[in-house]
Each structure stands twice: as C-alpha cells, then as structure tokens.
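Each structure below appears as structure tokens.
Across the two complexes that follow, chain A remains constant while its partner is chain B and subsequently chain C.
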Partner chain A sequence: MLNFVQGHLISIAFIVFILGLVYQGIQFFKLTKKKEWCVPPSSIEIKREKMTTQQRILEGLRSLNGNLWKTDPALTFITVVFHICLIATPLFLLGHNILLDQSWGVRLFSFPESLSDLLTLIVLICGVYFLGRRLFLARVRAISSVYDYIVLLIALAPFLTGFLAYHQWFDYEIVILLHILSGQLMLITIPFTKLGHMLFFFLYRFLIGSEYSFVRGSRTW
Partner chain B sequence: MAHQETKSVDTEKIKEMLNQRKGTMKRFLSHCAHCSICAESCFLYMAHNKDPQYMPSYKVIHSLGKLYRKRGKVDRKFLMKIKGMVWRNCVLCGRCYCPIGVPIPSMITFTRNICRSQEVYPQLDETSSESWL
Partner chain C sequence: MNSYKLLTIMVAALWVFAASPLGAQPDNIVFDPLKTFGKSKRSGVTLHHNRHVEAGLSCKDCHHIYENGKNVLDESTLEEGNQGIRCSTCHGPKFRIGLKQAFHDQCIGCHTKFQKERKKTGPRYCGQCHVKK
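And then the complex of A and B:
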C-alpha cells in the first residue's frame, strides 16, 4: 500500500496535475480566440512623462488607496502571505528536496527546517482565518456551500498532516501516509476545481483591459 | 406581469442556451473562489447597508450557478426569483472587481438573456407594486 502510494500514485497525481493544467490552458486559448482591443493601439496612445524611481514607487503606493488594501487590509495581507507560503513551503522543504534528489538527482534550494516549520504554521493560521471568515462573516456565509469547506480542507490537509508528521505527533506511519495522500488529492483537484485559480488568475489577465492585463487584455470569450 | 408568472417554462430552450456557453460559463463559475472580495466594488451593495444579496458573486452564484446546477430544469417561480437578482439588483455598470478576473457582468448578461427567452424581464408598468423585487 505504502509503496504504491509513494510510487505510482505520486506519478499519476503529477501527470493529472500537469496534463490537467495544460488542458485547461489550451481550452482557455481555444475559447478566447476572438480579439477586441480594450485600449487604443500604442501608436495613438499618449506617451507618459518619464518618472524617476521614487515617483514610480509613490504612484504605486497611491494606487493602493482605491483597492482592497484600503477596504480590507487584514485580508489583503493574510491572503498574500498565505499564497506565498502555500507555494514556497512545499517547493523549498528540505524533506521534499531530499526525496527529489534521491529519485531524479536534482534538488531545489532548501529552507532551514525551522523556517519551513514556521511557514507551515503560518499557512495553517491563515487557513483558520479563512475558515473563520466563511463561518462568521455574513457576506461570505451567503455564498458558501459544503464544497467551499471541502476545498479549504483539501488545501490545508497536506500542511496539517505535514506539520504533524514533522513533529512526529500521533502514529508517524499513518500521518505520513495521510500527508502523501492529501498532497496527491490537492494536485489532482487543482486543474478541475476552484483551486484552478492558481492557473486562471494569470490567464484571466489576457481578458482584462486594465493596468493588470497581459497583451492589453485583448482576448475575449 | 400576470402573464410572466403563469406562462409555462421552456426548459429545453434554457438547457440549449446553457449548453451553448457551457465551456466558458461553467469555468467562470468554478473559478470563483467565493471570497466575497467583489462585494465592496458594487455600489448597490454599499448603498444597501452591505446586504449580501447585492454582492456581485451572490447574484451570479444564486442565479446562473443554480441554473447550471439544475441543468435548466427550473420552474417559473425560480425564474421570477432570479429576475430580481439580475434585473434589479444589478445595473450592469461593469465596475465589479474580481481579484481572480472572473467577468461577472458577462455572466449576469447571459442570465438576463435566459430570463428574456422565457419572457421574464421588468416591464414598464411594474412601478408602484414592485412585486417581483
């Protein structure tokens, strides 16, 4: 059982994850073949005055005024920290990199174990904040269903089990098995659930004709 | 008004319309993280004492989302319910902001099209009673 989970199932999870994302990406570009220009072509665009670095920073900070940073600074901060830790922790975890080295002979830079432990704890705390929001904020509760709680659990389970496994709390064999399984479940569900915003957050920039767009947000459905 | 409430619903037509744009609309719906960040970008939400039913995501999830979940098999009562959501609670100003980039106005427009196909839309004489609101 453990051999299958550690061997073939990991390969299957990664294949589903990568092919799923590729499929979604291809589908996105197929569905958005139509193009319309949301902003004028560069030839008739009014050129902006050259700004110094300091002016650029100040303008960037000023632009924060009208967005989420102004309306909900706690959420802005927590969501940014959560997503950075969510991606960075598993990628730069020493244990994962040793396994990677043993299998393929390649490894990424690794964080010290204590730092990884702290980052995992931060992910879990942020997760509890999101859970609290969903449970107690009327506006989030109004659009929440069981599915939302399941997806949050899918996202947090690898971190919770990883944390328990690192500290060797409970039966290590079972906890590490659950850790591997929950990680695989997360990878498999990313392309097909709302966790797909990992990819679509970037792809949707092709559709939005604003300052955060790619290729002037010219693609349209 | 009475005609709108009593006429039978052509569920096949609704299903056909839903299937036509299934690829895009279902993706939009599934990528909504249900985070409620779009709330403050809606002036109607702010003007109605932050009532959740005016949130852009609420309007879409409870109208188009339900239409897809029910695969178009809806009754007139349901259509009359979402009529208020997509015609009155949204003015299609296009100012709603989604951090992921889900185009909410296009989804509301699509839901309006479905409602219109079943002759569910606000009429000029619906002023004083506002029974559908």
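And then the complex of A and C:
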C-alpha cells in the first residue's frame, strides 16, 4: 500500500492529469464544432487610431473599470497573488527539485526554503480568505455548495500538509504521506472538477475572448 | 571449572571481535552541513552505519573509488581517521558530483532502488533524514 502510494500512484496521478486535460481540450473543440449563426457585436466600435503609449496604458487601465477590479479590488488582488504563489511554490520548491533530479536528472531553479515557506503561508492565508467569503458573505454563501468547499479543500490540502511537513510538526511519516496523497488527489481531480479552469481559463479568456476583441466576427476555436 | 573456561573463551572472543575491523566501525556517523559547508539550510544527517552492515551490504556497496566504471577501492584502507577515504576527498565544488549531490545520490538513490525491488529500505523524503531538533 505504502509502496503503491509512493510509487505507481504518482505516475497514475500524472497520467490521469495530463490525459484528462487533453481529453477535456478535445471535448471543448468537439462540442463547439457545430457552427452557430451569430451577429458580432459591432455596436462597440473601438477606434484603432494611432495612440501614444501613454494613451494605450490609460485605455488599458480604464478597461479594468468594468470588471472585478472595480467591484472587488481586494478579491482581485488576493486571487492574483493566490494563483501566482499556488503555481510557483511547488515548481520552485527545493525538496521537489531534488527529488526530481534524483528520478529524472532534471531540475528547475529553486527558491530559498524560507521564501517557499512564506509563499506557502500566503497560499494558505488566501485560502482562508476564500473560505471566509463563502462562510460569511451572504451573497457568496448563497451560491456555495458542499462541492465548492471540497474543491477548496483539495486545492489547499497539499499546501497545508507541505507546510506541516517542512516544519516537521506532528508525525512526519504520516504528514508526508498525506502530502503525497493530497497532491495526487489534486492532480487527478483537476481535469474533472472546476479546478479545470487551469486549462479552460486560457480557452475562455483568449480563444473565445479574441472573437470579441482581436478578430471580431471570426471564430478562432 | 567449565563455566570459567566458557567465560575465558567469551572474553577472548570479545577482544578478538573488538580488535577486528568490523568492531572498529562507528555505529553512527553524523554529517553536519554546518561544519562542511559553513552554512546550512537543513539540519545534519545521522547515518546509521551499523544498520547498513546488519542489512548485509558489503563495504564496497557504498564506499567507492571508480576507475573505468569499476570500483577499485581497497577495503583495507577503510579505517577510521584515514582522510583519503572521506567522501569530500573526491566530491567537492571542483568535481562533477558535489558533496551534497553525492550524499543525496548515494542515500536516496539506493533507498529508492531497494523500494522498487520491494526490499526493506531506508528513508527517501527530506525530513526523514534532516530531522528538525
């Protein structure tokens, strides 16, 4: 059992993660293959006249007014920080890179361990903020289900157990096992839950988005 | 009289054992990165030498001097205090495999190999060796 978790299950988790994402990507294009007649929104005509760099930056900043940055700047800021730390921490963690080097002979650049520790703490604090919103903000609680809490827990569990493992609090053998298991659980669930926004964010934001901005009226996906 | 004889033999055997190379080995060796590298990210590692001997490993399974892919180490040189057999004699900043990597390769590499062969094995994760005090 232990051998399985520390051996084959790691490969299985990565295979499910990668093939799952590929499958979801293929599904995305397959389900949207059928052409739908649509009128491109031509009413909002952006004047593409020559602008100075300063004007471009100002226009870019102005366009933020219509979105979440205006309605909830704190959430926007926290969610950006959360996602950066979430992705950067495990990739540039010294321990992960040493294990990677042992297995495959390749490694990425590593942060100092104290920095990784701090970034992990930031992820956890942001996670607590998200949990707090779901629990205490009426409008967020109204649309939260058990599923949302479970997904949040899946995303935070590797960081919580990793934090405990680094500081060697509680029984290290159990904590490191939970850390491996929670990481595998996260990898496996990413393609099949709303954690799939890891892939879909790029499809929605740039492929569908481009239809309304870069090349209006033509479908790029 | 018989019990005296037995005792004499036992004491003599103990002396012989103590004088043998096997008896002269240190039980635990502590690698202190503070002493070696001057600075330390992690705590020192205690190598349980006797556990490796008890597990049936031969000296040359770990101690090595490689020439043309062959371990040409003379086992009789493996004596405590012999500076020439220290890992850091060959594994240092000027060499292909640095000291830290050599330790990691040697320990984790072998422990992983044994795990894959479903044999009883040693620790493979950071905190199992680098124990925080």
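We adopt the following convention: the second predicted complex is superposed on the first by the 188 of 221 C-alpha atoms of A that agree within 3 Å, B and C clash if a C-alpha of one lies under 4 Å from a C-alpha of the other, contacts with A are read in each partner's own complex, and residues count from 1 in each chain.
One rule holds in what follows: a contact is a pair of C-beta atoms (placed from the backbone, for glycine too) under 8 Å apart; a residue touches a chain by one contact, two chains touch by 3 or more.
The shown structure was predicted, so the numbers you read here are calculated from the model rather than taken from an experiment.
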item	value
Chain B versus chain C as contact partner of A:D171, first or second or both or neither	neither
Partner chain in contact with A:L94 - chain B first, chain C second, else both or neither	second
Greater chain A contact set [chain C / chain B]	B
Partner chain(s) touched by A:Q102 [first = chain B, second = chain C, both, neither]	second
Touching partner for A:N3 - first (chain B), second (chain C), both, neither	second
Partner chain in contact with A:E59 - chain B first, chain C second, else both or neither	neither
A:S144 touches, of chain B and chain C: first, second, both or neither?	first
Chain C to chain A touching residues, read off their complex	41-42, 101, 104-105, 108-109, 112, 115-116, 118, 124-128, 131-132
Chain A residues within the chain C interface of the complex	3, 6-7, 94-95, 98-99, 101-103, 112-113, 165-168, 172-173, 176
For the chain B and chain A complex, residues of the former touching the latter	23-24, 27, 30-37, 39-40, 50, 52-53, 55, 57-58, 61, 97, 99-103, 106
Parts of chain A lying in touch with chain B, wherever the complex brings them together	27-28, 31, 67-68, 71-72, 75, 79, 137-145, 148, 193-194, 196-197, 200-201, 204-205, 207-208, 221
